Every structure is written in structure tokens, then in C-alpha cells.
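For clarity, chains are labelled A, B, C and D in written order, and residue numbers in each chain start from 1.
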Amino acid sequence: MSPEPIFDIAHLGHVELLTNKPEASLDFFVNIFGLTESGREGDSVYLRAYDDYEFHTLKLTASNATGMRHVGYRCTSAQALARRVAAIEKLGAGIGWTDGDLGHGPAYQFRDPDDHVFEIYYDTKKYVAPLSERPALKNQPQRNHRRGVGVRRIDHFNLLATDLEAITAFMPMAMGSRITEQIMLDTGKLAGSWFTHNNKSYDVAYTRDATGTHGRFHHLTYALDQREHILEAADIFLENGVFIETGPHKHAVQQTFFLYVYEPAGNRIEVANAGARLILAPDWETVVWTETERKKGQAWGLKTIDSFHTHGTPEVPHKA
Amino acid sequence: MSPEPIFDIAHLGHVELLTNKPEASLDFFVNIFGLTESGREGDSVYLRAYDDYEFHTLKLTASNATGMRHVGYRCTSAQALARRVAAIEKLGAGIGWTDGDLGHGPAYQFRDPDDHVFEIYYDTKKYVAPLSERPALKNQPQRNHRRGVGVRRIDHFNLLATDLEAITAFMPMAMGSRITEQIMLDTGKLAGSWFTHNNKSYDVAYTRDATGTHGRFHHLTYALDQREHILEAADIFLENGVFIETGPHKHAVQQTFFLYVYEPAGNRIEVANAGARLILAPDWETVVWTETERKKGQAWGLKTIDSFHTHGTPEVPHKA
Amino acid sequence: MSPEPIFDIAHLGHVELLTNKPEASLDFFVNIFGLTESGREGDSVYLRAYDDYEFHTLKLTASNATGMRHVGYRCTSAQALARRVAAIEKLGAGIGWTDGDLGHGPAYQFRDPDDHVFEIYYDTKKYVAPLSERPALKNQPQRNHRRGVGVRRIDHFNLLATDLEAITAFMPMAMGSRITEQIMLDTGKLAGSWFTHNNKSYDVAYTRDATGTHGRFHHLTYALDQREHILEAADIFLENGVFIETGPHKHAVQQTFFLYVYEPAGNRIEVANAGARLILAPDWETVVWTETERKKGQAWGLKTIDSFHTHGTPEVPHKA
Amino acid sequence: MSPEPIFDIAHLGHVELLTNKPEASLDFFVNIFGLTESGREGDSVYLRAYDDYEFHTLKLTASNATGMRHVGYRCTSAQALARRVAAIEKLGAGIGWTDGDLGHGPAYQFRDPDDHVFEIYYDTKKYVAPLSERPALKNQPQRNHRRGVGVRRIDHFNLLATDLEAITAFMPMAMGSRITEQIMLDTGKLAGSWFTHNNKSYDVAYTRDATGTHGRFHHLTYALDQREHILEAADIFLENGVFIETGPHKHAVQQTFFLYVYEPAGNRIEVANAGARLILAPDWETVVWTETERKKGQAWGLKTIDSFHTHGTPEVPHKA
């Protein structure tokens, strides 16, 4: 009998992004992207999409840097959290416990092999809508204001890393991650890996940092309900002068319909729609894309834009 | 510490529907609904949507009756299957093992409190596309012919039952089901319960059989990627003379965008789109709708059509 | 040789609606419907959708009544206006010239056989966007704020009338209207007529007023770009507590995808999408629907809601 | 008083395309694009979309060449046809009368300044659906089979020309065309002009042929009802191995949502959706785009693909 799959991680909880243009970034996330502020503390503003059930999914922190300070994942139970902590400690990757913040209780922090900071937690603060934010339908945590793009919920994030093999070995051991798709270069080296912890086809992707830098951030994604909403988002970004990097188009990898923009501090932000695609098979076999296949571009032929391989935050000098 | 949630059931695998008009039903499912035949044996034709990863998700069996003969769920591992069998045997609901069929290996069968037949299994036959069915994108099991409605994958099913309290007590014990939404009448009696075994907001619903009959079937649903595809499906059904019962509209319960038709033998079939809505919280609290709330009709005010409470298969006489 | 079709009327220009709840109505049209205020004078606020090229398309006037005070059509040239005035005077329907208002120059007013006031004009005031309203794409008159429903442009309106035969005879003579579709009852009486003056399949519809009252208003419609935007509009109306009368659904007549609501004063307002359907044939033959055909309901089977036959503004008592 | 606008041309009627791969082209147009064959004569197959009201809109002719043999426009009346013939004769562009073909009666042919052949006619053969092609809704000429892409109706076409100034002067005089948008290079030379004869924002576009050749064809476009249908078309083209040149994306010019492919003989074919955008103003002022503005690419930033400036049919050698 094969070992059982691990169900200890419930879902991506939140990402903490750094911005060196805090006012402009906050204006972008609230008025153009459509998030709602749920709290403030110190240099951070807590933000949420209308169908996120937790207090926040984005912690936006003023800084002189950009990029991701940490990412949080919620476990499926207190017992599951304890199992993951034990596994991570055995891997020697642990940093230790924090008390949590406005959005959740005690969290255990660790580093991935590329030096990004993760935390896992179980105790959380569920969002309770004040009167003015009560939705018409009670199975939704918050009123949908349809302000700007009006994103529905956090979806996934993407990190850059120099050693994809190390990441791809680490994640299943630390987090119980399953690898749903991969890009394998002709050299036999991995150029990208997509991981999931539930039925979404991925909640974290890693792609190769061509600059050789560690700990960089590629993008954070929120989900919209329909592909048409991505097209409308493009119109809203256009009308508001937001830099559109590429899209809307459909990824060949994972088949997600995507649109990438930069928020004012330069962090790459995506809106995406996966249609009805889910990974339901508990024994899904990793789909491996070759270098030749990837050269065909995206699903409908759009060539992958150069900056997609080079732009990350914090920004670093790179040769053209 | 609370007990951990159960992750033994991976997903709804297939439904076996009975038809007393086998040729017309098969024509409907293949040419209008867009399923592909993957095999035949005895009185049964095995059918699949293009993104179903297993051999089949619908077993259509010629019979002098209509309704559902059985439903199958795939477990997350062999160990998980063993745990569920033990739990069901303890409940005294078991029927016993079968050898499986063209689509999967050994399955353990049991009855729910309303006499519907379920089976659970782990060994399955994954679909391997013959050359003519190879998709352009390798992360999809089969070519999308976009024939008729062209559904993507099996989504959920709905059974009728006389004692919703019994069902609602049974399912979590037998299957580890979580109850995501419910309708509670002013009498304190349940009129409907929606259950999930993964991140979909439901994969099985039970609603009250007003006729007091046992073991009846309400509907089977396949997912489409976009709400617009549901609207197109309505046009296709209209053009092909398929009886449209109600929709397209948005359910208040679960917020699914829906469209219900009857296939030629009278079994109710739905196409639906859930947008990006998922149940990611491992400790989701059941949303309970009151009788008053349900009287408002569906999300945008459409009144629930009368036949929705009376029509099931097999059909039984009922008072208007 | 047949006489040539008449091309004197360019398009529906604007509707003046009366409201006895001016503040609530204005809030609805600006913040929920998404119109922009372009001017104020006396008891009237001038409003426009972002792709309307004229100064305004809705004149909202505070009053102790509700319903439509007048409707304006723009002619294709000064010569065309003179021809229409001559034709209308010959019909004895003329009221006379006005100086126009904030939105356009001299207009000639007349009454239809049911006592609704029409005006036709050529000199108009094109909208010139102030800096804050400049669009990103210069082929669009105004920035699309995507505020609330965010309608694109005025589309059509619908009046009630007691004698449809009189209307159907009058409009082609007065306005050069072409009748694209009709409903003929088994009695041989008309119950509805749809007229166009350009390539839209209709810009004015008349339906029978079951109450026998004259001069009432049925609804005013703005166009959205996609059917999905109509579905989003339904969500926005739901979230904002706007009364949804019926829809979204697809009309059998004209195939328009529709959604009807009441603005706070009770005037019925529609958002609609016609897809790519246009009437391009200069010799289009009127499509006549029978009573039996109309009893099938809308395109996908939705029964026409009772209030659709009785509710108009101003409201009048009627028997159930 | 300004002269009146001319309403003599009703709409684009049909295009005759040449193919040197007649079987493959026919298979493409019928089984992938979704047209229906309405007749055959000599080397030509007559094809139509389900909402085209005339007998055909595409005449596909086997040849050893590719490109467009002629384009036909229907006039608004017999009188209008006579007026246009007189105007064209005065311009010295006339070829003379033909008897028409399977799809229409007598037509007057002429050449544009770049040597493309046009014809105008009034007598036409309206499509009468045989029993098997009768639609469910009687206001539609033919059943919608939703076969492949399933386009709705012919929309527009695009020609290449060497002297845009000559074209732009000729069309209004010959056809009464209105110029809705233009591209003006920094040199003061035109690079593109979009013309309309009704409320569509354009039914013919001319763009500069960088190769200096005369009489070449750029693309033919059919309309789909929704932007989502364009996305589905992309999936269908992908699944069927059709070469996708560029898109889906939104044009800055005219704001049309587009997707370009090559049919097997190399003729460029487009599917497009204009949303609810119409040109209703009888005195629309030409929107002029500068070279700088066009360098921004399409609406959401997609760079115009190089082949868009060089590929036309028949193909000619060109320098990279």
C-alpha cells in the first residue's frame, strides 16, 4: 500500500507584501483592485476580498523595500499543525513561533530553501461583517461592493527561486504539497513547479530566478468568477493608468485565464480565472512540460513576455 | 482539541442512471450534452466529460425504470477506503463488496437511510485518450470536441429523501461529509442539506421528497466553465427541443448558476457554474436558511418552480 | 419600384422621466446604475452613460408624478428634421417648437395617438469630457468609471398604449419607423409592436395597456456590452436592495437578454444585451408572433411575470 | 445647411474568397468555423452563418490563387442602387453589370483605386430554411447548430492598399461611406481608414500594404455574440490545430474584441465582438490616431504582431 496523501494544510491564508509607496499601493488595492480594509497596526494595513472568510488575506506593509515579507498557510486542524511543525523541525528549516497578528493566532515560521519566510497556523480570526458590510446572501462573508475590479478571493502566489530541485524536494516534505505541473528544461533542470494543498490546481508556484538572487517574489493572485471579469479588469486597469504587463490570455500550464499588472510599488499582481478546473484525483500524476512545448508560448500562442522571467520584487539589476 | 476533519473521500466518481428510452437518452447525452462514450457492457453505456480523469462518470443503463441505480465515490487512498468500510459496517448500513465494473476496481456498497445505493472504491481506471481523442493541452485528459453543450466534468448530484434528519446524521458518520448549507423549516424540520467531501461547496444535496417515497433521484449535474456557457447551453437545449424546467438563474443556496432540463427518460439533468467559490475553511460553519428566507425565491428573485418539489425519478403519482 | 425606406431619424436621443422621490432616484441612477451627471437646471438633473455621445440621455425631473414627460429623437440632418416636421403637421399631431434645453437645440414636439409627448431635433450638444472624465481610449466620449452597473449607452424605451393599431399606423408615417416584430392576438388585435429607425432591432416598443389608461410609460433601457454584465448587474441590484421584477432571461421577441428593476420612484428600468444581432436588411419583413407562441413564455421558458402587463408609471389602480 | 449623409448602401453582403486548398478550406469553414453550405455552382460553394438573412455571405471559390475575387454590398433600395451606379460611373471606376449569381440579382461592379473588385446590388435571394434548418425562434433565419465556433453573421472585411489617401477620397464619393477612425503617421500619410455605411462602427477597413502590391486582401470577419465566445473560439481553434496569428485581445481602434487565424489556404479570418458599441451619430467626427498612440499597441498593451503588416493574400515576397 502506498503512503496516504497528506491533508494537513487547508489553504493559502495571506501574503504580506512590502511597499515603498504605501499610499499609492493602498489606493490601488482598495479603489482599483477592490479590496476592503479590515484593520491597521503599525506600518501595516490588513486587506481582504469580499469572499475571503478570514480577517485578511493581504497584509500591506510600508517599508523601504518591496517584495514579500512572509506568507501564511492555515492548517486543517490543531493536530495537523503540530504534525507539520514536527516535520519542518526535522528538516531543520524552522524559525520558531510567533504570537500571530490582527488576523490569526500563534503561527510557526520557517524558511524555504530559497529563503522565503512561510508561516503555518490553525487559530484564525474569521471575518465578521459590520452592519454596513452585511451581504444580501448569508453564505458570503461580506457585501460585494463591486468597486473597481472587485476580486472575489485570494487564489495563489508565485515565488522566484534559484534551485527548483531543492524547492520541489522540500515542499512535499514540509507542507505535504502535491506537484501538479512542472517545466523541465532540455538540460534536465526544472524551470518551474506548481504545488497544491487542496483541490485548487495550485496555490503556490515557483519559477526560476534568472538573476540568481534569493528570496524574491514573482506575483500574488486573486480570483475572479468569470473570464469576462478578467476582460473587464483589463478595461478598468487601462482606464486607471495601471501598467498591464501581459494578458488577458490563457496559460498552457494549468489553463488559467490570466492578467498581470504592477501595483504602484512594482509588485506584480494577477487576476485569474480557472473555470471549473479542479484537481480532484488524490493520485494526480505531475504533468511535465518540455522546453520545446513551452516555446510555443501560452495556450493560444501568446509569447511569454521577457519581463516575466526577469521582473520580481525586490528588483535587482539584470542583463537584457 | 476538536477532532480532526475526515479526508477519506476524494470526490464523487460516477452515477448510474436508469433509462427506459435508452436510444433517446444516449443521443441526448452524446450529441446534445456532449459526453463521450468510453465503453459498453451489457445494458450499460459508459460516458464521460472531456475533463473527467476517470474512465467514466455516467453509466447509462437501459431498464424499464428510471432514476439512479447507484452512485460511486472515490476514496483518497486504500487506507481511507478501509476506514470508511469499517465505519459503515459499524453503522449497519453495509451491503458488501462488488468486483467493480469497466470503470473501477473493487467497491464497497451500502445504503443511505432513504435506501439509495452508494459505493466507495479506490482502485480506478484512469482514462487514456486514444489518438483521435488526444487534447492539444496535455494537462487535460481528452480533447474538447465542443459538441453541443460540451460539459467539462461531473459536479454533483441531488437525491430526494423523506427523513432529512436521518440523512444529515448519517452522512458525516459514514462518509466524513461536512454540511455546508441547510434549509430549516419553521417546524424545526430540515428540508434540504448540502454536503461536501472536498473543496467544492457541495457534491451531494438531499432535499425532502414531498411524496413520501424512498430512494428517488432528483438530478445529476455537470460543470461548465463560465456562466455564459450556461446561457449558451440554454440556447442549445431550446434549439434541440429539450425540455427546460427552470433557469438559467442563480441559486441563493450555494450561489451556483444553474439550468435544469429533463433528458428523454425524464431524469433531471443540470448544468451549473460555481464561479470561483470554494469551501476552503476546514471548520466551515453550516449556513442555515429559514423558511422565510427561502420564500424569497432564488438569488435574483425567481420563484422556485413547483415541479422542483415533486418531479423525481422514478416518477410517482402526487397531488397537485 | 417600391418607395424608398426613410432615413430621417438617426436614433433615440433622450427620455425625460418624472420622479416623486428625486433624491433616491438620483442616487439610484448615479451610484447603482452608474450614470454621470452632466448638468442641472430647475427641477431637472441631466444624466448620461459613458458611451453616450450627446450631453445627456436621461433628464430626471422632480415632480409629484412618475412616468415619462417626453422622449427626444435626433434626426439625421436639418433637412431630415424639416421633412419629419412637415409629415407630422400633415398628420395633425404637432404641438410646436421648443427652444431645446441644456442638451440640444430647437425641437419640434408632437403627440403619438396615445398622448405621449415626442420631440425631434437635429442641433445637439455633444458631450465634451472635462479633464477628470477623459477616457483612456479616444474613441469613447467619457471615462468608464465602472461604478455600480456601469451601463454603456441608452438603448430603447417601451410605452403602454390602448390602441396598438393606431400606434402602428402612426409611427411609420410620422417617424419613418420600420416595424420589426409584432404580437397579434387570436382576436386579430395587436398586443405589441417593436419599431426601429436604424440598425438596432428596436429603439421603441409599444405594448397594450391592460388598464385602458393613456400616456403611460413601461420602461427605459440602457445597453451593457455582454450578457455576463447583465448577470453582474443582477448581483449589484441584489446587494443594493433594488427590486428585481424579472430576469435575467432571454426574450423570445427580439432575442434580447434582459433584466428589469424598479428605480425608487417606481419607473421600470431595464439593462439589456442584444449580442451581435442587428437589423441590416432594408426590407426586413415584420415577424408576427401569435398568442399561442407567446404563451410559451420567454425564449428559455420563463413565464412572463403578471406585473409586466399591469405595472406602468404613473401607476393606476387595476384589477388583479 | 450641410449636405445630408448618404444612406444608399445598406450593408456588406458577401465576400468571394479564393482558395488553392478547396477541400481543406471548406472543411474549415463548415466544421470548425460553423458556416452552413447553401449552394454550389461551378468552382464555388456558397456559405452562410446562421443569422445571415441572405442566401450566402461567403462564396468560396477553388482557384490556383488566394485572396478576394470580389466583395458585394446590398443597397437600401433600387433607387439607391441607381444613384450609386451614376456616382461611380461619374468617377470612371465602373466595370459594368453582371447578372448576379445563386445569391442575388443584377449587380454593378467597379474597382476601388487599389484594384479590388466591388459590386453593389439590391435584388437579393433571402435564405429560406428547409425543414431541417428551421430555428426554434422565428426571428432568426436558420437553426443555430453551434457546430465548432458557430459564428452569428458576417461583420466586416479588411483590404490592403498602397495609397490610403486615394481610397479615403474615393469611398465616400462612390459608396457614401463615412470614415469613423483613421491612423495618421507622423509623415502626414494615412496608414489605415475604417469606413461604415450603417450603424456598425465599420464594415470595411483599409490598411497600408507595406509590400506596395495592389489588390490584396487582409481579412474577413464574422461576429460572435459575446467576448466569451471569442475565447471559446480560441480553444476550438487550438484543439483543431488552426494557426492563431494573434488575440484574443481588444483593439484600441474601434475597441473590437478580436481573434485572427489563417484558414488552410492562408486567407486571414477573424472572429470579433463589438459589445454594444454602435455609431449612432449621423455627424460622427473621424477619430484620428497618431503614430505615437498606435505604438502603445492594442487596448491592453499587446503589441501588434509583425505579420499583421505583411501577411495578406495572395502572398507576396517581402523583406523582414
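Throughout what follows, a residue touches a chain if its C-beta (ideal position, glycine included) is under 8 Å from a C-beta of that chain, and two chains touch if they have at least 3 such contacts.
It should be emphasised that the depicted structure is a prediction, and the values quoted were computed from it without experimental measurement.
Sharing over half of its contact pairs with B-C by residue number, the repeated interface among B-D, A-B or A-D is A-D. Interface comparison, A-D versus C-D: the higher number of contacting C-beta pairs is recorded for C-D.
Per-chain Cα centroids separate chain C from chain D by 31 Å.
One finds 46 Å separating the Cα centroids of chain A and chain C. Annotation: 44 Å between the Cα-based centres of chain A and chain D.
Within chain B, the positions touching two or more other chains are listed as 137, 226-228, 235, 238, 299.
Those residues of chain B lying in contact with chain C across their complex are 226-228, 231, 234-235, 237-238, 244-250, 257, 259, 299-302.
Those residues of chain C that touch chain A in the shared complex are 135-137, 143-146, 148, 226, 228-229, 232, 235-236, 238-239, 241.
Those residues of chain D whose C-beta lies close enough to touch chain C in the complex are 1-2, 4-5, 7, 10-11, 51, 53, 74-80, 126, 137-140, 152-153, 155, 181, 198-200, 223-228, 252-255, 273-278, 280-282, 284, 287, 289, 293, 299.
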